[in-house]
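All chains are identified by letter, namely A, B, C and D, in their written order; residue positions are counted from 1 within each chain.
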Amino acid sequence: MITFSNISKIYENHAAVKDINLQINKGELVFVTGASGAGKTTLLKLVYVAEKPDTGSIVIAGYNTSTLKEKSIPFLRRNIGVVFQDFKLLSNKTVYDNIALALRIRGVQEGEIKNRVSNALKLVNLRHRSESYPLTLSGGEQQRVTIARAIVDEPTVLLADEPTGNLDSGNARSIMDIFREINAKGTTIMIATHNHDLFRNTGLRVVQLEEGRLIGETVG
Amino acid sequence: MMYLLGLAIKSILREKWINLLTSITIGFSLLILSMTIFTVYNIEGVSDKLPEKFTIMVYLKDDLSSDEIIKAQSQVEGKELVKEVLYISKEKAFSELKSNLKGSAFVLEGIEDNPLSPSFEVKIKKELFSVEKVESLIDILQDEPYVEDIDYGRGFLDFVHSFRTAMRAVGIFFTLLIVFAIIFVIYSTVKILFYRRKDEIETYKLLGATAGFIRAPFLIEGGVIGFLGGLFGIAESYAFYYVIVRLGHNIPLIGFMDFPVQFFAVLPVVGLMLGLFGTIFALGRIRF
Amino acid sequence: MMYLLGLAIKSILREKWINLLTSITIGFSLLILSMTIFTVYNIEGVSDKLPEKFTIMVYLKDDLSSDEIIKAQSQVEGKELVKEVLYISKEKAFSELKSNLKGSAFVLEGIEDNPLSPSFEVKIKKELFSVEKVESLIDILQDEPYVEDIDYGRGFLDFVHSFRTAMRAVGIFFTLLIVFAIIFVIYSTVKILFYRRKDEIETYKLLGATAGFIRAPFLIEGGVIGFLGGLFGIAESYAFYYVIVRLGHNIPLIGFMDFPVQFFAVLPVVGLMLGLFGTIFALGRIRF
Amino acid sequence: MITFSNISKIYENHAAVKDINLQINKGELVFVTGASGAGKTTLLKLVYVAEKPDTGSIVIAGYNTSTLKEKSIPFLRRNIGVVFQDFKLLSNKTVYDNIALALRIRGVQEGEIKNRVSNALKLVNLRHRSESYPLTLSGGEQQRVTIARAIVDEPTVLLADEPTGNLDSGNARSIMDIFREINAKGTTIMIATHNHDLFRNTGLRVVQLEEGRLIGETVG
């Protein structure tokens, strides 16, 4: 599904990600771990084409992101749900509208949007806050809204960047349950996290980064 | 589509300060445009009325018979440009001179022999009036055998002509200046709104929005701002007109000025077009 | 303090679009102000020159001796308002009438007995000229025994008077309007900048910044915008003047118009003051 | 040092914090824990007067925050260092300027600022990024900048809201070391966190919140 070949990304003569070779198959759930600044976020950004690699190529579902026409980028992104590390919620829209936006952009009808958004909100346990604005939510609540937005369109690929950084262990567990359920339905998932509890004893692939390099792969 | 419209309206209300500011600026610019049109229009209007007052005095030879005079009159009346020809006999000219001298008329009392010439007072057709045509008419008349002399306001005619030309040039200059100013103002406003929502737009892109989806609300917003600017322009123009006509009521020249309402009715449409134009410029190409 | 200045400068550069827009708007407003001052100034100038052309004709009784005339002349010359008195004898008046009649002067040929009156041509002191004073002078002269009749441009005088008053009123009206417009424009600009940096300011507050620390950069920014607006205003005013004088070179009335440079030099200072004023309004009270 | 008496904070007829009575002594280090939305952040906001309580009073170093004159609030805040959960870094300033701002606001001289900022950056291991802008930093790096800013003026009270949410265990441990060091020098510290690893086996007070109520106190 996603193939990284010889990927490097260099910022101001400092490599955020270097010589990465990685193959993620359709329907897999893979963890990416590493210390602060190891390159986890950068690796995910390369997948949803927020950055382009300086060397190497990434192929997603047959499309090479480096040679993709600019006009096609929106359509590639519509197949990828992203839980951003910094949430990227729009503070002038309610929780409902923030999540609905992902569907409106895709041209989904309002009637259907209503159903899907309320389902997503139920999953993350925030149905009662649908009319609140992001800045009136607690950190963990905001994070869960971001997660709801990422999964609301049942994407082919889900990228989750530190999705439980602001969540207590109870909430973290229920989010992981949601991810595994979506994964079971066929969505390919990459989760970047420093929280070892998330993958401990899951039997899933864990990719380790250190200063931008892939230094090993274990099973959680 | 409904959603994008809603977005635009929300955005206009949210950014009401800057939008108000921009609309008022545009309104101001359009006011200057109005003032320019107003001035040029009135000058054209005034100089269009000139032909009514403009007459050519054709002094005839003293020894013409009445037959010759009648023939000459119908000949002059036959000219394309001529509206009417009034024959003024020697006697009439003398009595007119008397009445012009008013209090000093007694100076004429001793005179028996009328020393004045008969003349034609020639009026020009208003709709055909132009400085060039009038001058060529005079050249032709000059050569007629029955003509002694021709008198007309040459300097005045030249002045009107050059004044009109100058005012037209100033008018076009100001109009162009203002059109550019408005486009620039809308351009920079949209640019500001765009920069201001940079993060928001970034998020839109990352969620898979196309360029059209991002552009639409800005285009609507730019159009609405321009349109509102046009409405402000009308309001300000009326206020300006009101002040001018009210305060200038008892001032000659200003009293009979005219207000070309039909020009100003198109200001909102002008604003709308310029708004869209400025927005397209400001948005430029959207990169992903 | 240096740091706050630096902050303000950075902010001005960062928000260059909106600042440019605002400065240009202010410049535009100041241009209208300039045009108003320009117009009022020139009208005052033209009407100040009127007294030089303004004369009162005092017709004397026909039967005065030369002694009486000399006495009368020195009496009129003694009036405060009077600059000079020119005696025009019957004979001189007659020859002037002749030359005025020009081509038709032969009508006077038979007249032996000069029917005209002698008169004084009274010129008024320019610096004391006012419609009211002139009228009271005429009232006094009317009652003198040697005066037959007085002739002066009453209607003209009234017209000039009311026109000047009207133009002054329009001038004051426009000036006030523009002052408010500029304050409003700066108010809304600073409001925009303030809203735009809301989060930033929130952080400042949470880090322990005082109201003064937060306000200072905005005040500097508002002042600079106003000042720049003033500079734009000067530039635009000169451009306007240039266009008027250039294109209006061969148009009478416009050719001899004057440009009060000293007024326009203060525009940046005016802009600065209005900028600070608008900013203080916009910032309002800062709550923690 | 900080006394909460009968504190409640109600948002839209929903109590974020309710009937809290809590006494924190000078020089203490106290953890506040609880699930997402339990009221941890709200409790801290009440201390630095970003919110005012609806009932009860908070007394800090003898000052009652409810009766404090508005003009005095900045001066109270200058004694409190805060690690915000959402960082609150200014994206148009470099890392250096972000940290220096805290000192400039206090009127510290530029020469001294330079020393202090570079010391703080050294502590959080980010000296090499001092000229970078926040948006070019990884999530964990941003969090460490926020921590550096909070401690740069050696505040009397330090409030840290989820200070390790974006940090791997190594970085988290070193941040905790810094906090304990500052605490040893006399700073009173409150740390809100859902990360039990932070206080496990520390022997420090742990206050537990649940739906805004204080439901217990344990020793970590």
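Methods note: contacts are C-beta pairs under 8 Å (C-beta built on N, C-alpha and C of every residue); 3 or more make two chains touch, one makes a residue touch a chain.
Since this is a predicted model, take the numbers as computed values, not measurements.
Common neighbours of subunit C and subunit D, by the contact definition above: there are none. Ranked by distance of CA centroids from subunit D, the top chain is B. Per-chain Cα centroids separate subunit A from subunit B by 64 Å.
Separating the CA-averaged centres of subunit A and subunit D is a span of 29 Å. Subunit B and subunit C have Cα centroids separated by 26 Å.
Mean C-alpha positions place subunit B and subunit D at a centre distance of 70 Å. Multi-chain contact residues, meaning those touching two or more other chains, do not occur anywhere in subunit D. Shared interface positions of subunit B, defined as residues touching 2 or more other chains, are absent. Contacts between chains close into a ring here, every chain touching precisely two others.
The full set of touching chain pairs reads A-B, A-D, B-C, C-D. Listing the residues of subunit B that touch subunit A in their complex gives 3, 14, 199-200, 202-211, 213, 287-288. Contact residues on subunit A toward subunit B in their complex (touch as defined above): 48-50, 70-71, 73-78, 82, 84, 88, 90, 92, 101-102, 104-106, 110, 149. On the subunit C side of its complex with subunit B, the touching residues are 17-18, 20-22, 24-25, 28-29, 32, 97, 104, 106-111, 115-116, 159, 162-163, 166, 169-170, 173, 181, 184-185, 188-189, 191-192, 195-196, 243-244, 247-248, 250-252.
Listing the residues of subunit D that touch subunit A in their complex gives 11, 34-37, 40-41, 85-86, 136, 138-141, 143-144, 161-162, 165-171, 194, 196.
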